[in-house]
Structure formats: C-alpha cells, structure tokens
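Structure record follows, encoded as structure tokens.
We call the chains A, B, C and D, going by the order they appear; numbering starts again at 1 in every chain.
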Amino acid sequence: MFRFERDQLKQPTMSSFQRELSIRFQDVDAAGIIFYPNVLALCHDLYVDFLAAHGSPLHETLRGPWIAPIRHAEADYLRPLRFGDRVSAEIVAAHLEPEAPTEVTLGYRLSIQDTVHVVAQTVHTFVDPATFKRVPVPDVLLKAFASLGG
Amino acid sequence: MFRFERDQLKQPTMSSFQRELSIRFQDVDAAGIIFYPNVLALCHDLYVDFLAAHGSPLHETLRGPWIAPIRHAEADYLRPLRFGDRVSAEIVAAHLEPEAPTEVTLGYRLSIQDTVHVVAQTVHTFVDPATFKRVPVPDVLLKAFASLGG
Amino acid sequence: MFRFERDQLKQPTMSSFQRELSIRFQDVDAAGIIFYPNVLALCHDLYVDFLAAHGSPLHETLRGPWIAPIRHAEADYLRPLRFGDRVSAEIVAAHLEPEAPTEVTLGYRLSIQDTVHVVAQTVHTFVDPATFKRVPVPDVLLKAFASLGG
Amino acid sequence: MFRFERDQLKQPTMSSFQRELSIRFQDVDAAGIIFYPNVLALCHDLYVDFLAAHGSPLHETLRGPWIAPIRHAEADYLRPLRFGDRVSAEIVAAHLEPEAPTEVTLGYRLSIQDTVHVVAQTVHTFVDPATFKRVPVPDVLLKAFASLGG
C-alpha cells in the first residue's frame, strides 16, 4: 500500500465521511461481481459528495484557480460486491504533509454491515490548471480534511 | 421508429461503414447480456471512427466552428449480445433533408455473422457551439454521409 | 416516438415515481455534456428503484421465474445536462395492453426545476429466462404500473 | 507500489504484449482528461486480449474450473490522457511465486510515442469458483506469463 496500511484503513474510525449506496445493475461484469475499476468510481463519487458537503462543490471549483488531478490510486479487493448489495462507503483518513501541503492522500473503506469488502486510497495533487505547477491545498479543504482521521 | 423503419435497417446494404468489435467483459450487466445503453455507446464509437475515416476527427472538430449534439436516439434490441461476441457494427444509412440540411439521421446495424441483433438510429443537429443556433452540415460531412445509403 | 408522444411525456402528471439525482463527474463526455447513452442508464437506475419500492427488487427477481429484457429504448434530448446538475427523474407513464399483457412501455422525464431536459421510453418484454417465451406481466408489477399514468 | 517499482514498469522491455488503442469520447470526465478508473478498464481490456491471444479466451474460461478475481490494483498517473490520444498499451511484466503459484501480478504501461503516461499493476488470484479456495495457475497461463518479462 502507498501511504496507508491496509489494516489501518480496515479499523473502525471515530470520524469519517459516510454515504450509503447500492451496487448497480450495470456495475458488475460478466463474472457477476463488481468490475474492479467501478469500485474506484464509487470512491470518486464519495469524494465529490465530500467536497460538496464541505462547501467546495467540484462542478464549481473546476472553473477555479486549482484542480486536483489524481496521481496515484489503488484498491484492495478483500471480498466481492454484487448487484443490489447495500454498501457503507466511507472516507476514513486524509494525509497531508505537515508543512505547506500541495497534496492529499485519502483513504476509503467499503463495508457491508461490519464486514470490510474494499479499502482504497487516492493521491490528489493540487495544481494550477494553466501551468500544472503545484499550488497549496486551499484553506477550505485543509479544514475539510482535518475533519477526517489520518 | 423515427426516420428509418426497422426493416430498412435490417436489409443488407451496398455501402456501409463497417468495423468488427467484441463485446467487452464490463459491457454486460447483472443479467449477463449487454447493458442496453452500452449498445448506443458502441454506435457512438462507430460514429467517431466514421468521422476520422472521412478526414474529420471528432477530437479535432470539437474545438471547431460546429458541434453536432444528439437530439434523438433509439435502438431495437432483437437478440441479446454477450461478453466475447464478435460483432459486425455498421452505419448503414444517412438521411439529410434535400435542401440546406442542418441535421443528419444515421442508421446502425449490429450483426453476428448474418443475424441482425440490434438496429439503431441517432439524429445529430449541427449548431454553433457559442449560440447553439443551427448551422449547415459541413461539406466534408455531406460527402461522407453521401457514401452511405439512406 | 414509439408508444408515447413526446409532448405527452413532457406534461406534468398527477402520479409519477420520482427521484432526485446529480449528474456525475464521469457521466459527461469530451464535449462537456452528458454522454447520451448515460441518460438511459439513469432511466434504468430509476426503474431499479421503482421495482424495489414496489416490493420486487431486481437483484432478487433476476433469479426468479421471469426476466424483462428491453426490446426498444429511445430518448429525446431537448436540453443538455452537465456535471453537477440536480435533476428530477420521473417515471411518468406505463402502458400495458388491455388484455393479458406480456409487455410494458415506461415513459421517463428528466427535468431541472420545471424545465424538461429529456424524455425517454423503454419497452420491456416479460419472458421465461430458460425458453425466452413470453409470460404474463406478474400481478405485483401490474399493480405497480397501475400507480403510474399511461 | 505493490510488487513492481514504478521505474521498473517505465523501462523499455524486450518482450511485452502490446495493443494500440484510442482514448474514447466517453472515457474522459468533466475535467477533460481520462476518468482515472477508466485507465484500469483499458488495462483489463488488454488482459482480455492477452488471454485470447494465448488460447485462453476469458469468455470461455469463465465457465471453467478456475476464475482469477483481482485482489489488488493500482495505477500511477504520470501524465494525462485525453480524448483522441493514440496510446500504446502494454503488459510489460508478470510475476509468479517460484513454486506452485496461485497468483500473478501483471504490470502495465500506457505510452504516447515514447513518453510513459501511466504505469499500473493488478494482482489476480486463481480460485475455484465454487469454493473460492486457491488453485494453481493453469499451465497454459504459466506459459503465457513466461512470455513476458518480470
């Protein structure tokens, strides 16, 4: 694993951003389980909800002074997810460098009841959309990320 | 059906734009057959190939003086398509108004060997991207569409 | 249009099945508006919610004595949908033959506030999954469809 | 990185499985670059082609005595991919345990001309589909994987 250890992301957390979702009819593949890239799409949906809940909706900031493309993503598929499964999707951790951070690593956990099915993490680098040079993580997001563990 | 009759699109044609493709692992749904909107995605892939083959690649014209959003699409699913099926995908017809056309209807057929599995059609309206007012179909595309039946 | 007239689907209805949804980051295409097949995927998500709300969740009935593959689908794209748009998605109509129906046509409307952006319809044929021979629409769904206009 | 170092996957290789592909209109997101999970979908398409080219087409083996679900996947996004980009997609490495392997790690590289845009890796565990207990990697695939570096 990249920043977070798998076991760290599996632990119950005091503070997480959580949504309930259902695995869709079209999310599965010919083997009848979720097509593995679609799990990362669910993580991104959760990230979009997180940004909106913290006053920084992505469809507005896309036109703004920074973008945060993903430079690394990974997932551990511990148990399969199938059509109709009700899943608790959580952002359970955020890691920022201690000084002048330009990057955040987010940790995700997808569970059915108390059983963890997937843990994942994504690394977002904040850049100027014109030059792709790194810029500081905006204050509004520093506060948002601080609401998570990490 | 909108412009083309289903039986018209099912007939063998003298001139069509054709590609071989495979139904992908992730194109199917929890019922094990192609998720029906994905059939229209295959038609759009074919349209993108058609534009490129006629000197008007969509990734270049997107920045240009016209765009051609779809205002209607439909498909008849005659037989299922499954993961691994080898499909002949064809644009079999194009319809333009006789004078000063600003719109084209394209007809599609997806077959396995000589058995038709899907027929579909899409209506594209040519507009100025700034004003969304209709503009004439560009000459390069008039010629391309004339290479098809219709 | 197939069964329903476009204008019929645009009219406000007394009884519809309705959900709020957001157009996702990944639903759009390189032109920045929703990739048109994805609109039909949203309609299918709504259909899955409708079945569950009427006691017939698709992930359970998929193993059962009937399936209802789509034999026709179509959509009219009246206005674009973009990332972040909040949409009211409704099933506004259901059509069944008057006697011994084996097929249903469902009408959909996607609106932003009171402006209709898309109308669509899908035709589902009920068949035995082993033989693909037509079977009657199950009673539980006859009642569900009767809750809609049409 | 999991099994392979990023730099290892970036190096030119003597033997790889290679396909040319184009980034599709619908592969990008509202930021105009490829939606990051879609890169892993392209890797899976390549894996499906690899299996078929080595006499073990996935749509046939899915019914067979083993399946190979993914238990880990990760990608490094070094440079963006956009609609219309022509990409060389390669499986550049395979790692098997030295004795009685039940698992393979595959390394991928996506390049435009000689510039690497993405490296990725997936870990597939071979299991009995009925019991999900590990089974040996089949001989036909041991030979296929041996044709790659790693």
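The rule we apply is simple: a contact is a pair of C-beta atoms (placed from the backbone, for glycine too) under 8 Å apart; a residue touches a chain by one contact, two chains touch by 3 or more.
Predicted model, so just to flag it, every value in this text is computed and none were measured.
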| item | value |
| --- | --- |
| Remotest chain, chain A as reference, centres from CA atoms | B |
| Pair sharing more residue contacts (C-beta pairs) when A-B is set against B-C | B-C |
| Centre distance in Å when chain A and chain B are each reduced to the mean of their C-alpha atoms | 36 |
| Whole-Å gap separating chain A and chain C, where each centre is the average of the chain's CA atoms | 31 |
| Where chain B and chain C are represented by their mean Cα positions, the distance between them in whole Å | 23 |
| Residue list for chain D, restricted to those that touch at least two other chains | 25-26, 30-31, 35, 37-38, 41, 44, 58-59, 62, 82-84 |
| Residue ranges of chain C in contact with chain B within the complex | 1-2, 30-31, 33, 35-41, 44, 58-59, 62, 67, 69-78, 80, 122 |
| Chain A-touching residues of chain B, taken from the complex the two chains share | 25-26, 28-32, 35, 37-38, 82-84 |
| Contact footprint of chain C on chain A as seen in their complex | 24-26, 41, 44-45, 48, 57-60, 62, 82-84 |
